[in-house]
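Each of the two complexes below includes chain A, the first together with chain B, the second together with chain C.
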Partner chain A sequence: MNAAAQIALQNAVNGLLIGGTYATVAVGFSLVWGTLNVVNIAHGALVMLGAYVTYWLFSLYHIDPLLALPLTGAALFALGYPLQRFVINQVIRASFLITFLLTFGLDLLITNLALAAWTADIRSVTTSYSGWSLTAGPLALPVVRIASLGIAVLAAALLHLLMTGTRLGSAIRATASDLEAARLMGIPVAHVYALTFALAAATAGIAGGLISLSFPIYPAMGAGYTLVAFVVCVLGGLGSVPGALAGGLVLGLLQTYAAWWLGPNFDNIVAFSVLILVLLVRPAGLFGRARRFRG
Partner chain B sequence: MARYRRCAAALTALIVLGALAWGTGGPAGGQEILKIGAPLAATGADAREGALTKQGYDLWVETVNTRGGIKVGGTAYKAQILYYDDQSKPQISAELTDKLISQDHVSFLLGPYGSPATFADAAIAERYKIPMVESNGAARRIFQQGYKYIFGVLSPADEYASAMLKAAVSLRPRPETVAILSADDLFSLEVANAAKDWAEHNNLKVLYFQKYPVNTPDLSAALTSIKSLHPDVLIGSGHLQESLLIMKQAQTLAVNAKFFGFTVGPTTPDFAKSLGPAAEGVFASSQWTPDVKYSGPIFGSAQDWARLFQIRYGAVPDYHNAESSAGALTLQLAIEKAGSLDPQKVRDVLAALDVVTFYGRIKFNAEGLDVYKPMVAVQIQHGKVATVWPAEIASAKAVYPTPPWNARQ
Partner chain C sequence: MSRQAPRRPVTAGAILAAAALAAAVAIPVFAGTYYVRVITGIFMFGMLASGWNLIGGYTGYPDFGAAAFIGIGAYTTGILMLHAHLPFAPALVGGGILSIGAAAAMGSVLLRLRGHYFAIASLGFMIVLQQLAANLDITGGGSGMNLPVARSFTTFYYWTLAALVLAVTAGFALPRSRVGYAIAAIRENQDAAQVLGIAPLPYKILAYAASAFFFGIAGGIYAYWFTFIDPPTVFNVDFTIQAIVMTLFGGPGTALGPLAGAVILKSLDVLLTNISVFFHNVFFGALVCLLVIFAPRGLAEIVRARGGLIEAIRADLRESRI
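For the complex of A and B:
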């Protein structure tokens, strides 16, 4: 295999790995946007909280970050439920701009509380296996990130099953597609909304936990991930788990190849150019179905 | 009940005695206050470095006030720094500089953190003719505007990477090739371009030169390209989070440079703490280390200052701390020498100042930049920062070449 082919293959691996991270970040964002019609600007802040929960469990109680993922998810679930039930639900019927502003405020609040509590120090979860890497011919396969990708896909699959195969999933989807009918059928809408948001927060927490294993963490890290989630949703379509997964992988591959061919400074330029193109040509996303918005 | 009262009395006595002891030589009641303004990041991307800067400034304030304050003519002034959070945004920093001068009526300014903010604030200081001594903006561009009121106590940006390259070419076998990765901001690019220039003029072949967006979440594509080029030296010009990212991804992608060097990162304690064994052998340049052999007024020697810092903050100082204390000290020395609080007189003294401090020689060229103080190269050895270049002040011998990842424990 010649050198260029080796680099191309390694970059495919790199792109899929970062894409898996993007997908885990985006899946909850997509769920909330698609179901509640809320663009949750605070999603990245929840990812950041997940990273810190993992970090503290690891550094204070020596709990392995991968084993801590269910705990991290549960902690963020417990935070997400009241956040939606008692805060965002208050304005959920108001215009799109109001919920947008509210979550923007929540993002500032959470980020600055984290800054006050934990300072701006840059931290990192370094386990004994953090630097492990498998070699497959000329390819380097970072163990932790492969495991992260596996867990990301697993979590997405579980969420997909939950959405399609359980009464809760049906209730969430029913509420999203026809609010009035769902309410008439006796679905407790406020409760379902809160559960949906809590589920999204849990996936954000798990994403944060996985990110903390491979990337530096600090209170302001969330903003970049909110942006990533936004792009993934537009690429993949709203409210669908497979869409978020596909959107994340496409974005990861796009950025990685752009960084290789044009230089690392071009990864976002290319990603956003594609984003605009997709919005023009297929506004429902590459993998989304055309969706009617209620007025 | 009586016991509590006795206890309270003892405590009161202790506090009063303590205050008296602290107060000897300290500010007397009714002492005049000299307000100095500093717009400084407490939130945003530079919050971490902003906090390091503040530690350096505060250590100076506390030291000078316990020693009786700033002496101007016959009067001793208690030093006070007015901080505003510029949120790591240059335009906000400039607005706050304006506010400090026009509303808070400060007579002097200390710099913010970082070249972009310093660049913005310098224009405001210049407009009001208020001297600003800055210690955290090393970009040459700040000093190429013809400004007369900005003074930087740190070595300029072009030294940051070239100090490491000078150290690298002194090692044997002499490295022949270099890859440079730079964050896309004013300061980092200036550093990276200077490094490229220096390398090309000194028989080091530049195999790779690319910039990336600040705070990028992933650099695996860039590192994959670098890996295929097998450079001897990898230089990263950016920020702490990116130096951590590069080392983590270099490790998992098995990028085996013989010399990893970063302009920013390794000298902060967070670097070795975050990376653990993967931090071993990483090089960095530094404005200052406690190993330098300078000594001067107020703080004594570099070691004395470092000890004072350690006692006050319970942590090993980083060069950001030292240069910030040095900047504030420089302003004090100029005010005292001028014997006046008149900004113009202090500015003139600053322009002609030539003094050796714990931090090194302070003397400004016509642009207001301290080009008389050399930088040093350091390396992480056994989890600690060791000074390895120049040879005459080195505290340890450089370990080179860095072993490949699969040969490390």
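For the complex of A and C:
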């Protein structure tokens, strides 16, 4: 294999590996948006909290970050439920500007409290296996990233099964498609909304845990991931788990190739350009169903 | 609403406005430097909120990337002063004009999107410009840009006051003009407006560009005032959020509401910052949450409501909770 082909292939691998993490960031965001019609700007802040939970479990109690993921998910689930039940549910039927602004306020609050508690220092989780890498022919496959991709796919599959195969999943989907009808069928909608948000927060926490293994963490890290989640949802279509997975992988590939061609400092520019292009050309997403987007 | 209003209150209003303006012009003569600076800051946010109100309040397009134009205005003013050796005034006007141009170009794309999509696409636009400014040579990249130091601070006060008066006047004039009727129709029901023969996009672009002009001017004044700018300080979403919160607090879609919101909240903010910077940061987050939960339609609406404050808050909560 010649050198250019080798670099191109390595970039494809890197893009798919980072794309798995993007998908994990986006599934929860997509679930909340599709079900609750809330674009949760604080989603990135929840990812950040997940990263810090993993970090503290690792550095204080020496719990392995990968084994700690269920704990991280549970912690964020426990935060997400009351946040939706007692705060966001209060304005859930108001205009979108209100819910948008509320989650913006929550984002400011969470980020600034984290800044006060943990300072702006950049931290990282370094395990004994952080530097390990498999080689497949000429390709380097970092172990941590492969594990992240595996867990991302596993989490997405579990969420998909939950949404399609359980009573809770049916209740969530029923509530999303018609709030009043769901209420009349005896579904406790306030509780279902809170459970949906808690599930999304748990996946955000797991995404944060995975991110802490490969990337530096700091309180303001969330904003970029909120944008990533949004772009992935637009690419993959709303509210569908397979869509988020596909959208995440596509964005990962695009950003990796763009970084190769343009240099490493243009990731947001690429993500945004893709976002605008898709919104204008194929507003239902590459894999989505038709909705109302344009004005 | 005020088309059939009796003449007398209008005249009284005009006299009151003239008196307020005269008082504002006289402030630097007798107030100390500290207070002139604080009031300049309050006026600047009054201008931002009034400017945001044009697109977010009257037109109903929540622009979460308005700080993009603060950055454009700041960098244009800085570059024109440093590299073209222009004096401040023409450089500032250049920043305002470039903001209008950028808004017209970007608006023709972004304003085709609705709701959440417009909100986050406008935010993305700002993030892109921030990254662009950090990667270009002419902006000084990530290490920022140093502007010449101004001789007198009072200049900034009067520039800000002039821009504020212009922004508030625009807020008065817009809803009483043909353009204003079209914009109101688009806000209430765009499809119906289209049926009536209103082509929405040009009107939306007009409101967006007018709003961008005031953000651009604010950016130019900010750059010369603080003499140092870098991408994260001017392409800063905090400016946008503060302008939105002030507008919502005072009453969106009213001429004086955004200014009132800015005066009240910025004064409170100055007091809190004097106590602790931590308070300042957490304050706005908490304020945003409380405001949207308890007074989503602004203070003016609640004060005006019959049955008192508590009943108005209860009614809002009943309507929007599940």
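Definition applied: the second predicted complex is superposed on the first by the 285 of 295 C-alpha atoms of A that agree within 3 Å, B and C clash if a C-alpha of one lies under 4 Å from a C-alpha of the other, contacts with A are read in each partner's own complex, and residues count from 1 in each chain.
Methods note: contacts are C-beta pairs under 8 Å (C-beta built on N, C-alpha and C of every residue); 3 or more make two chains touch, one makes a residue touch a chain.
Keep in mind that what you see is a predicted model, and the values were worked out from it rather than measured.
In the three-chain model built by superposing on chain A, chain B clashes with chain C. When both complexes are overlaid on chain A, the residue A:N112 reaches chain B and chain C alike. Touch criterion met: A:R145 reaches chain B, while chain C stays clear of it.
Applying the stated contact rule after C-alpha superposition, one finds that A:L179 touches chain C and leaves chain B untouched.
Contacts of A:Y218 after superposition on the shared chain: chain B is touched, whereas chain C is not. Looking at the shared chain after the overlay, A:N268 reaches both chain B and chain C. In the superposition on chain A, contact of A:I122 is made with chain B only, not with chain C. Judged by the touch definition given at the top, the superposed model places A:S130 against chain B, while chain C stays out of reach.
Look at A:N11: by the touch rule set out above, it reaches chain B but stays clear of chain C.
Shared contact residues on chain A (touching chain B in one structure, chain C in the other): 112, 115, 265, 267-268.
Residues 33, 39, 87, 89-102, 104-113, 115-116, 179, 189-190, 193, 223, 227, 230, 234, 265-269, 271-273, 275-276, 279-280, 283, 292-295 of chain A are the ones touching chain C in the complex. Listed in rising order, the residues of chain B touching chain A in the complex are 43-45, 47-48, 50-51, 181, 184, 210-213, 215-222, 224-225, 228, 240-241, 244-245, 248-249, 251-254, 270, 274-276, 278, 405. Considering their complex, residues 62, 64, 109-121, 123-125, 127-128, 130-132, 134-135, 190, 200, 204, 237, 241, 244-245, 248, 278, 281-282, 284-289, 291-293, 296, 317, 319-322 of chain C touch chain A. The part of chain A that touches chain B in the complex is made up of residues 3, 6-7, 10-11, 14-15, 17-18, 21, 112, 115, 119-124, 126, 130-133, 135, 140, 142-145, 214-216, 218-220, 224-225, 228, 255-257, 259-260, 263-265, 267-268.
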